[in-house]
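I've put the structures underneath this note.
One chain, subunit A, links the two complexes that follow: it is found with subunit B in the first and with subunit C in the second.
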Partner chain A sequence: MAAQGATASRSGLRSALPLLAPAYLWLTVAIFLPLSAMVFFSFMTELPLSGKPWAFTLGNYAAFFSQSLYLTLLLASLRLGLVVTLWCIVIGYPAAYVLAKVLKGRSREAIFLLVILPFWSNGLVRIFSWAMVLREGGILDTALNAVLPFKINIDLMYSYPAVIIGLVHSYVPYMVLTCYLTLQAIDDSLIEAGRSLGASRLQVLKRVIIPLSMPGLVAGAALIFVPVVGSFMEPRILGGRTGTFYGTVIEDQFVAVFNWPLGAALSFILLAVVLIILAVASPVLRRAA
Partner chain B sequence: MAGVQVSNVSRSFGAHKALDDVSIDFADGGFYALLGPSGSGKTTLLRQVAGFDFPDSGRISIGGESVERVPVEKRRIGMVFQNYALFPNMSVADNVAFGLSVRGEAKAVIASEVQRALDLVQLGKLGGRRPHQLSGGQRQRVALARAIVTKPRVLLLDEPLGALDKALRVDMQIELKRIQREIGITTIFVTHDQEEALTMSDRIGILRDGRLVQEGPPEEIYDQPKSEFAATFLGDANIFRGESTGNGIKLPDGTAIAAGAGAKLAAGAKASCAVRPERIRIATDVEAQDAANANMLKGQVSKRIFAGNNSTYFVERGGQTLKVIVQNTGIDRLAEGQDVVLRWAPESTVLIATS
Partner chain C sequence: MTTRILEGLGRLYIWLLLAFLYLPIIIMALMSFNVSPFYQLPFEWTTEWYASLWQNDQLIAATWNSIEIAVITTLICTVLGSAASLALYRYDFRGKRFLQALLFPPIAIPWLITGTAMLIFFFGVGIGRGLFAILLGHVALALPYVIVVVSARLQTFAPELEEAARSLGANQWQVTSRVTLPWIMPGVIAGGLFAFAVSFDQFVVSYFLSTPGQTTLPVEIYAAIRKGFTPEINAVSTIIIVVSMALMLLTARFFKFGGEK
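What follows is the complex of A and B.
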């Protein structure tokens, strides 16, 4: 089937060209040109716009390897990406399963809306509302102390967990959506067939449902992992001093230090690392899917 | 192997009664066809036996063991779905192995059992294929192999041949029947195809609106239908409606139709008679006497459909169109518009009480 699709699309390419042209034009203008400029910048000593004299250098890339801080932060960011992705799977997959296989009609639509809502709200608003919930004397703290008979101090603000909570909240809809789509495509009769053959619900989940929804899990994970590794907004606002990650350092180079060349070089190193990870992981994941 | 008893089972969805007090005894080793129009509750009944759904009331037992509240995976049944429901992420062999593998059988045992099951359905060489690389008929065979490899107590099939084309369907009917005989498994077969039910099963149950209308061996239901519905749903029938004369009926125009010797019904009640089209003789000699075929009606041929080995005549008589099927003997070809006389034996007439 896949092979058929490929040959069909190849022969149909010529006629599809007029349809594809606007998309390619847009990609060229909006992504390729700025990106090329950034590649160019990353090899410069100074920003040409600043008026100072500049020259070509590999120094910006060398900086990454000369200071262990960058590597440490990159590893921390990769770990952050992994943890957030795992939490998104843990929370998002069951939610997608319930949406696709348990709920029907109205209640499905309502829950779907709740899951998608963070998607539609402004990122900053989302993060600052978490700040109000998580800080000492904030909503979570006050609510828990109102219910519990003893006094506890909940101050998650400016901590690693706060960053995780904020990021998971932002990105879990991706996982729910991609998993929902693959789960919904699984015919209920497959589940019934499994059970009629003596498999418990858990065995059906492990042997039939999860393998068949692997493409959704992989797509969701890729959609979440990549941006989370480079994220800076949630770490900065919710993480405070603990929120220094690779992404925040890149942001600093652009908005605070105005060292665009170094910022650009650090970005491309991140891009390379992420691409290598995806390339290494993809054969394994493809086999699983 | 075991028989299945369904006793007074009812199941409603909201206000709709999908099953209404159904009782059927599925004999051990028998091949039972559940026949009925779409929406009559066949699938619902099968799902109660399988354990995908539970009855509101009534009892179900498999092999004498009460199973109403036993979940599917504990009932030891085999099921074949209309859309095959093969696992697309597994090879044919892994599909067939699934039931044995979740049970924790040893690898060597699984391999030999799977091969035996695939050989039984004549797919011994295709174990390595993926389901999407198979034709419809082959998928059906894999689904069957997968369902029987676990040695279930009952085999349940929900319109398993519905998606196949006619020629393949006939092949599969023969094949399915052969396999069923070979392993002697109690089989419940859901179909809406009356011919399939007649040729394959040793008992048929006819469902309508969630009720069991009639059940018995195919010959009995065909020859002695107890309702107009059973008469017309299983095969073709000419239905005459009138008033009971005890062992026959009188049509509104006064014509009497005699039923077989066994027929008995209170005189004066509303009743109908059913006659199979192939039991009626059609002739042009109005005056001739035929003592054996005492029932006689005059009419006019309105249409003839030639089908090679037989012809179907549509005969207009008193505002009713009657159907007569005549074997092609090379003689007695009647033209449209011709006046004819229809004769048939009282023994070929079934008297049916109507309400």
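What follows is the complex of A and C.
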């Protein structure tokens, strides 16, 4: 830091190294080397060490481009990511606004905590909890039939909407959190100035509030979109047979079909797509930080 | 007038969102106390499903594995993470920004990709699958969170305090242990609780790295769900949710998420 001046800067790395090395060695062994290995293996016919002869090949990538199935599923996963992200914005942004600008003091603190509380609890268990609500004869079905005068059958379990509902439920707290942080930073006097100069509420929202909170929206969208595109457990549990997505196909390569090189290639393609999307979003994200 | 109506609607909306977030969890918890194994109403109270959990050796073994791994992960992550945060705060050197940027891929890359990459690499170098591999993975996943949280706390630390201690004759170790560490302790505790939560709730990476005998609770639950729903899963899920939410509340006491304002 500046206070320690030039001497610290010169001997900086030597002093820092013993403190830094253990953490970064661990990250290297468990994250960065595995990711590199995955790229390497994706160009092989068989895994070395499996005893079988292996050779370098482009076949795993050729499989992706020659069979339309993989591309179709990747597009389906990207669409799923987009739909879930949009719903999270629609549901989460107004909530973040109310939290930041309407609620005050202790009630704001308490409700904020309540909103982000579920998001650190087990995602698998929360997805599973929807099974009881959405199935035929489940809570939603029973409740609606008790209220409505006519008989309807609600069986959303194992359907596309079920996957969407479960994922939105899992990820909407991210959007509330990131939007809340940027909305809270907007000076109230800016909004008042806009109003007193004759702008309607809608104009203030469009010209002042949304542009200023854009970094939070983009950060939230990136935090939601990326994991949803790679999701496989949620579509499996709530989607059943309709829940086949790009992520579930990768899972299959590793736990059912045991074609690891193809799985590695599919994973790497997903990683590339994700990195491109993050790179596009990063200028806006950097402005937010 | 319109302002008050709009504010009222806003409050109502927040409560609707909270209902959406909590209803399925509450229903799951209620069903874990319901007699009918097919979740039929009317509701009749029982603790039978919790009792039968105690007979399920497989689930209990997996639970112990989860707790052990989460505790070891927490210990390793707080020590390594705090050390790294201190180094990044105290010293200036070339490549520092690169090292800080390296913390984001583990957080940002979907766990599906990280998990399968770990599986391939650990298998390739002979570590294989099992509890040790799961521990290696969990520490790597939780470490960046700890460094980010502790670094955030260090931002509020005044370097003049270290200077003052040094000028009064304290050596480097005394400065760290008597001045810096006590100040960042809330950050370290919050980081540790984060690490525990990341490990205890981790499913995806554990799933790819587990073997039939060596597995964690979420992986065991996933297997059970895919075999078919039983009220026992509700019971164990309810316990997990309660534990992780309690942890989160504890974390919030040490670390303000909404900023100081």
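Assorted remarks:
By our rule, the second predicted complex is superposed on the first by the 247 of 289 C-alpha atoms of A that agree within 3 Å, B and C clash if a C-alpha of one lies under 4 Å from a C-alpha of the other, contacts with A are read in each partner's own complex, and residues count from 1 in each chain.
Criterion: contacts are C-beta pairs under 8 Å (C-beta built on N, C-alpha and C of every residue); 3 or more make two chains touch, one makes a residue touch a chain.
Quick caveat: nothing in here was measured; it's all calculated off a predicted structure.
Applying the stated contact rule after C-alpha superposition, one finds that A:Asn145 touches neither subunit B nor subunit C. When the shared chain is aligned, subunit B comes close enough to touch A:Val208, but subunit C does not. By the touch criterion stated above, A:Tyr24 is placed in contact with subunit C alone, subunit B being left untouched. In the superposed model, A:Asn259 makes contact with neither subunit B nor subunit C. By the touch criterion defined above, A:Thr57 reaches neither subunit B nor subunit C. Contact with subunit B, but none with subunit C, is seen for A:Leu190 once the two complexes are overlaid on the shared chain. Of the two partner chains placed by the overlay, only subunit B lies in contact with A:Ser200; subunit C stays clear of it. Applying the stated contact rule after C-alpha superposition, one finds that A:Ser159 touches neither subunit B nor subunit C.
The partner of subunit A that touches more of its residues, comparing subunit B with subunit C, is C. Residues common to the contacts of subunit A with subunit B and with subunit C across the two structures: 1. Note for the complex: subunit B touches subunit A at residues 50, 52, 71-74, 76-79, 81, 83, 85-89, 98-99, 102-103, 132, 146-147, 150, 156.
On the side of subunit A, the complex with subunit B involves touching residues 1, 187, 189-190, 192-200, 203, 207-208, 211-212. Note for the complex: subunit A touches subunit C at residues 1, 3-4, 8-9, 12-13, 15-17, 19-20, 22-24, 26-27, 29-35, 37-38, 41, 47-49, 91, 94-95, 97-99, 102-103, 108-109, 111-118, 120-126, 128-133, 137-139, 142, 169, 172-173, 176-177, 180-181, 184, 222, 226-227, 229-233, 236-237, 247, 250-251, 254-255, 260, 263-264, 267, 270-271, 274, 278. Residue ranges on subunit C touching subunit A, taken from their complex, read 7, 10-11, 13-14, 17-18, 20-25, 27-28, 31, 38-41, 76, 80-81, 83-84, 86-95, 99, 102, 105-106, 108-114, 116-124, 126, 136-137, 139-140, 143-144, 147, 159-160, 163, 197, 200-201, 203-204, 207-208, 218, 221-222, 225-226, 229, 233-234, 237, 240-241, 244-245, 247-249, 251-252, 257-259, 261.
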